[in-house]
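Multiple structures are listed underneath, in structure tokens.
Look for chain A in each of the two complexes below; its partner is chain B in the first and chain C in the second.
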Partner chain A sequence: MSQIENVHTKARELLESQAVDCVIGFGKGTTGGSRPLFVYGPEGVEDLIFDETCAHNLAKYLLNRKGKTTAVVLKACDARAVNLLLSEHQIERDKVYMIGVVCPGIKENGEPRDTCLRCGQRTPVSYDYLAGEPEEATVDAELQYKGVAEMEAMSMAERKAFWEAQFDRCIRCYACRQVCPGCYCDECFVERLDPLWVGIRIAPSENEMWNAMRAFHLTGRCIGCDQCERVCPVGIPLSLLNRKLEKEVYETFGYEAGMDPEAAPPFATYKKEESLGFGE
Partner chain B sequence: MGVEFEPRIVGFLCNWCSYAGADMAGTSRISYPPNLRVIRVPCSGRVDPILIVKSFQMGADGVLVAGCHPGDCHYAEGNYYARRRFAMLRPFLEYLGIEGDRFRVEWVSASEGRKFSEVVSSFTNQLTELGPRATGAAV
Partner chain C sequence: MARIGVFICHCGTNIAGTVDIPTVVEAAQNMPMVVYAVDSKYNCSEPGQAAIRDAILENRLNRVVVAACSPWMHEKTFRKAVASAGLNPYLAEMANIREHNSWVHNDKQAATDKAIEIIKMAVAKVSRHEELFPKALPITKRALVVGGGIAGIQTALDIANAGHPVVLAEREPSIGGRMSQLDKTFPTLDCSSCILTPKMVDVMQHPNIKLMTYTELEQVEGFVGNFKVTLRQKARKVDHAKCTACGLCWQKCPEKVDSEFDLNLGKRTAIYIPFPQAVPPRPVIDTANCRYQKYLDFTAEGREGKAPPKCGICEKICPVGAIDWEETDELITEEFGAIVAATGYKPFEPGGYTELGKGKFADVITGLELERMMSPAGPFNGEVKRPSNGEHPKEVVFITCVGSRDKQRGRTYCSKVCCMYIAKHAIMLKSHDPEVNCYVFNMDVRTVSKDYEEFYEQAQLSGATYIRGKVSKIRQEGDQLIVRGEDTLLGEIIEVPADMVVLAVGMEHSEGAAELAQKLHISYDVNGFFVEAHPKLRPVETRSDGIFLAGACLGPRDIPETVSQGSGAAAKVCGLLSQDFLTTDPLVSVIDKVKCAGCLLCQDICPFSAIDSETLRDGRTVSVVNESICKGCGLCVAACRFGAANLHGFTQEQLLAEVLALWE
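This part shows the complex of A and B:
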């Protein structure tokens, strides 16, 4: 059976046995491509699709279904997002059924996404049921921090100028936050009026404040799905920020977000005897 | 003739060690540059990185965070968490185009009035050399 037939069978089984109330998966988009699809009964499972247009990270929707039993179709990056939410105790493991799919690499406008070229993880790290045939991970270390290394090689003034030009375009629509599975605070710092962390006025430095803190709040938490970059209407290379922090966290703490739901996140733990360059 | 550049430093001092260390410097009549604006915080673990980024955005030339020595935190572990965050923040600031040298983390105990004075003096000198922070079109 093909992967999608397996997904249909599993989804039907879960809904018929009432093991879950809802299956979140991908459906056909109205203008081509795909869209998130919520299936509440066995009659709807045939509408589920999975192909290389299925770009959304469906883990985000689990946050709206806290306490309700839900099955969700997960690519490799999405499964890491579920692990992130589990490690932060945002969702309960026994309420979530993870249907893993083997990802062909997502394409946009016929071109593979940069994220998908970097990511060699075709099979999710965690799943309850895997619909496809598992594939070996082929991670290209060179590619992983491509762009970040080039940024690091620039001079301070060049980097400053680069980010100024990028953030200058930001319209602070917060789409990057809305789509991010790691951004789930009830009240985001950007909406605080007292203290007013990010001013309402239109100014480059306010844009920088937002973008810097959005990225920093994902330190050791970003699972690299790059949804933020995908939805950015002005094309700010947000993954350059996220991957810089990902790299620092990996090099310093040897931690990768979303790989193991049991591992303690780097900022939620510490070692007494560690030297982090502050004269210890 | 231009006015000589005087760096503006925002200092977050932990209530239990570094703030008392600054007090010690005062009562011992040890002078230090007046460039530091002190904000007293309960613990270096209270210093959210947003406070540091915001300080830079509001025009600080340097930010100092001083807390109890590792192992001596009044709350046992606040500074351990803090230093992990700062260890990630510093390279990130550099990446955004803010010199890492403008952000300093120091461990100053309540008895180290002399050290406190030295820290502020050397930081002020360093920032004077670095010059004013080049800010964008509008801050």
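This part shows the complex of A and C:
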């Protein structure tokens, strides 16, 4: 059976047995491509698709279904998002059924996404059921951190100029936040009036504050799905910023978010040999 | 509307010498919401405090800034002064213009400008202060003492005599600790057991003391006044309620193993009491060595081959049927208001000093081994004999500072008691056998307590030769050891033939000290000794409220000092337990249930385990701070992405107001 037929069979089985109330997967888009599809009964499972247009990270939708039983179709990066949410106690493991799919690499407008070119993880790290044939992960740090080295090579002044130019385009639509599985505060700091961390006007200083704080709040938590960059209407290379921070975290703490829901996040652990960066 | 008063202190010339006070007063008068600003020679003096009190009443002030020293110094003083005028004490704020300013700058202009800015920030912050109220919590009036050496015994007895119930937990089968292994004690040469045993018996018989031997501390939850402690009663395989201590079992047990109490110089049986005066005088079965237990394990695991012999003699011979093979470790949870750690030390293991040949030459022994030899109840019945051939030694060399004051081996500290116990050994050896010659290689001799110098002189008069210098090598020649060392006073290398060499090993932290410290949430230093709250002024307290320390777990101590610390810790415990309620500091963290998304990171981060979770009626799980445990460190505030955690007295609004004040 093909991968999507396996997904159909599994989804039908889960809905018929009432093991879950809903299966979140991909459906055909109205203007071509794909869209998220919520299937509530066995009659809808045939509408589920999976192909190289299925770009969305469906893990985010689990946040709206807290306490309800849900199955969700997950690519490799999406499964890491589920692990992140599990480790942060946002969802319950026994309420979520993880249908893993082996990802062919996502294409946009017929071209492979940069993210997917860099990614060596075709098979999800965690799943309850794997619809496709598992593939070995390939690790290529150089590819993974592509662009980061170039940024690191810039002088401080160049780097500042580079990011100022990027953030200057930001219209603070917050699409990056809305799509991110790790951004789930009930009240975002940018919307807080007292204290007013970020001014409301669209100005370089406030834009920088937003983008810097967004990235910092995700440090050690970004699972690299790059949905933020995908949805950014003005094309800010947010993935570059995220990957720089993840590289720092990996090099300092040996930690990658979402790989193991049981692993203690670097914030919550202390090892004697850790560098404090001062007083040494 | 805030009506702020600013009180600027000269601190004599401490501040006024570097800061132009009139300029600062004038600047303060013009700050927003400040209705009154004045200077004083000493704000902390009685007239200074009275001036604050009067100014609050006259000017209807509702916030106060005291620009003076560090809050560590006088925050409490000024809170009291503010409270005496009827204001909530937490509506006062200190601007530190001394430690943070006048003491560290020379430029008067710059220091004046900086003082103004520091005050400006404090004014902005205090305008956002809220009234805070301490809470009252009940206290469990019971104490736990961990460790049944002389420190723990003294602590337990003193607390119990004050009328509070005490549990004394000891991990060995008997209390008594290291002191029970000693023969005589310096500088009075009274017999260690003779002075210790009555105290051990007092512990056993005291109506307020519950003795739990063979018991280890498993887990500590809760906080000062309300600890919940889980203790592991290790399986003894002997029902102590039935046992009458007749002694038949340990006389008849056929399995002989090295005695830990006698430092492997003697033997004990597998069912044993560690020494004749053990308290409680009830045996335990050492399951690792018991023949019947080996047989039981063999059959239980269904192993192949020949089964070990089925012994069980103790069970057959026991007249009251106290042997219980079914007994397993038992976890017991009890509540306490205070905990005292009195876990002592272990002697330094000198194997690393290869040049001294411990382990290689049988006649190289440690000071504690010599104690066991000298002890009339010891393995040699009080006769000092050479382990190599059983003869009485005539030439005895002592080597001091083994494992102490040795930077190269990373052991920097002085173990404090070795100089004195060597003097004692020299005197005692001479009294055992007047023909013995003692030589003491030493770095210098430290005799810093009452009657110690006289005792050292007594050792010299008894004939001991003190040689100032270190030993570089010990080698065997015939049946003698040749100790090669330097006499630094003569400037010569000398060699001393010896029948026996005694290493004056130092004190080391006890086994498992770090693990215990982690369970109790107290600190320990690089040497593994526990850290007191203040080395001079709070020597038996820790930074964790309700947890106290006594004896050699803090560092090398002799018996008099250990006993005084035991009594000191007991006094602290009694002070705590004599209160009916505890008031908590309101400067603690609080978590906004609306903003909290329940990632629970704060629980992992909190160094005091002060954060629990709670499920709300809408099904959301959020973090909740236990105000009586929280120390107000603010780690949760820094870690919280949602901005849900906030620290009373240092709220995000207050801190931001401070920062923004700098740009105004």
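One rule holds for everything that comes next: the second predicted complex is superposed on the first by the 277 of 280 C-alpha atoms of A that agree within 3 Å, B and C clash if a C-alpha of one lies under 4 Å from a C-alpha of the other, contacts with A are read in each partner's own complex, and residues count from 1 in each chain.
Keep this in mind: contacts are C-beta pairs under 8 Å (C-beta built on N, C-alpha and C of every residue); 3 or more make two chains touch, one makes a residue touch a chain.
On a predicted model such as this, the values are computed, not experimentally measured, just so you know.
Visitor: With everything superposed onto chain A, say whether chain B and chain C fit together or clash.
Guide: Pair status: clash.
Visitor: Applying the touch criterion given at the start, work out whether A:214 contacts chain B, chain C, both or neither, answering first, second, both or neither.
Guide: Neither: A:214 stays clear of chain B and chain C.
Visitor: Just checking: does A:194 make contact with chain B only, chain C only, both, or neither of them? Give me first, second, both or neither.
Guide: second
Visitor: Touching A:75 in the superposition: chain B (first), chain C (second), both, neither?
Guide: In the superposed model, A:75 contacts neither chain B nor chain C.
Visitor: When both complexes are superposed, which of chain B and chain C contacts more residues belonging to chain A?
Guide: Looking at chain B versus chain C, the one contacting more residues of chain A is B.
Visitor: Tell me which partner A:267 touches in the superposition: chain B (first), chain C (second), both or neither.
Guide: A:267 sits against chain B and chain C alike.
Visitor: Applying the document's definition of touch, where does A:203 land relative to chain B and chain C: first, second, both, or neither?
Guide: In the superposed model, A:203 contacts chain B only, not chain C.
Visitor: Mind working out whether A:90 is in touch with chain B, chain C, both or neither, as first, second, both or neither?
Guide: second
Visitor: Between the stretches 3-11, 21-29 or 129-137, which region of chain B is in steric conflict with chain C after the superposition?
Guide: Stretch clashing with the third chain: 21-29.
Visitor: Would you mind listing the overlap between the chain B footprint and the chain C footprint on chain A?
Guide: 189, 267
Visitor: Sort out for me which residues of chain A touch chain B in the complex.
Guide: 151-152, 156-157, 159-164, 189, 197, 203-205, 208-209, 212-213, 215-216, 219-220, 241, 244-245, 248-249, 252-253, 266-267, 270-272, 276-280
Visitor: Over in the complex, which chain B residues touch chain A? Could you list them?
Guide: 49-50, 53-54, 57, 70-71, 77, 80-81, 83-92, 94-99, 105-107, 134-139
Visitor: Within their complex, state which residues of chain C touch chain A.
Guide: Contacts found on chain C: 594-595, 597-601, 604-605, 619, 621, 639, 641-643, 652-653, 656.
Visitor: So in the complex, the part of chain A that touches chain C is made up of which residues?
Guide: 66-67, 88-90, 184-187, 189, 192, 194-195, 217, 264-265, 267-269
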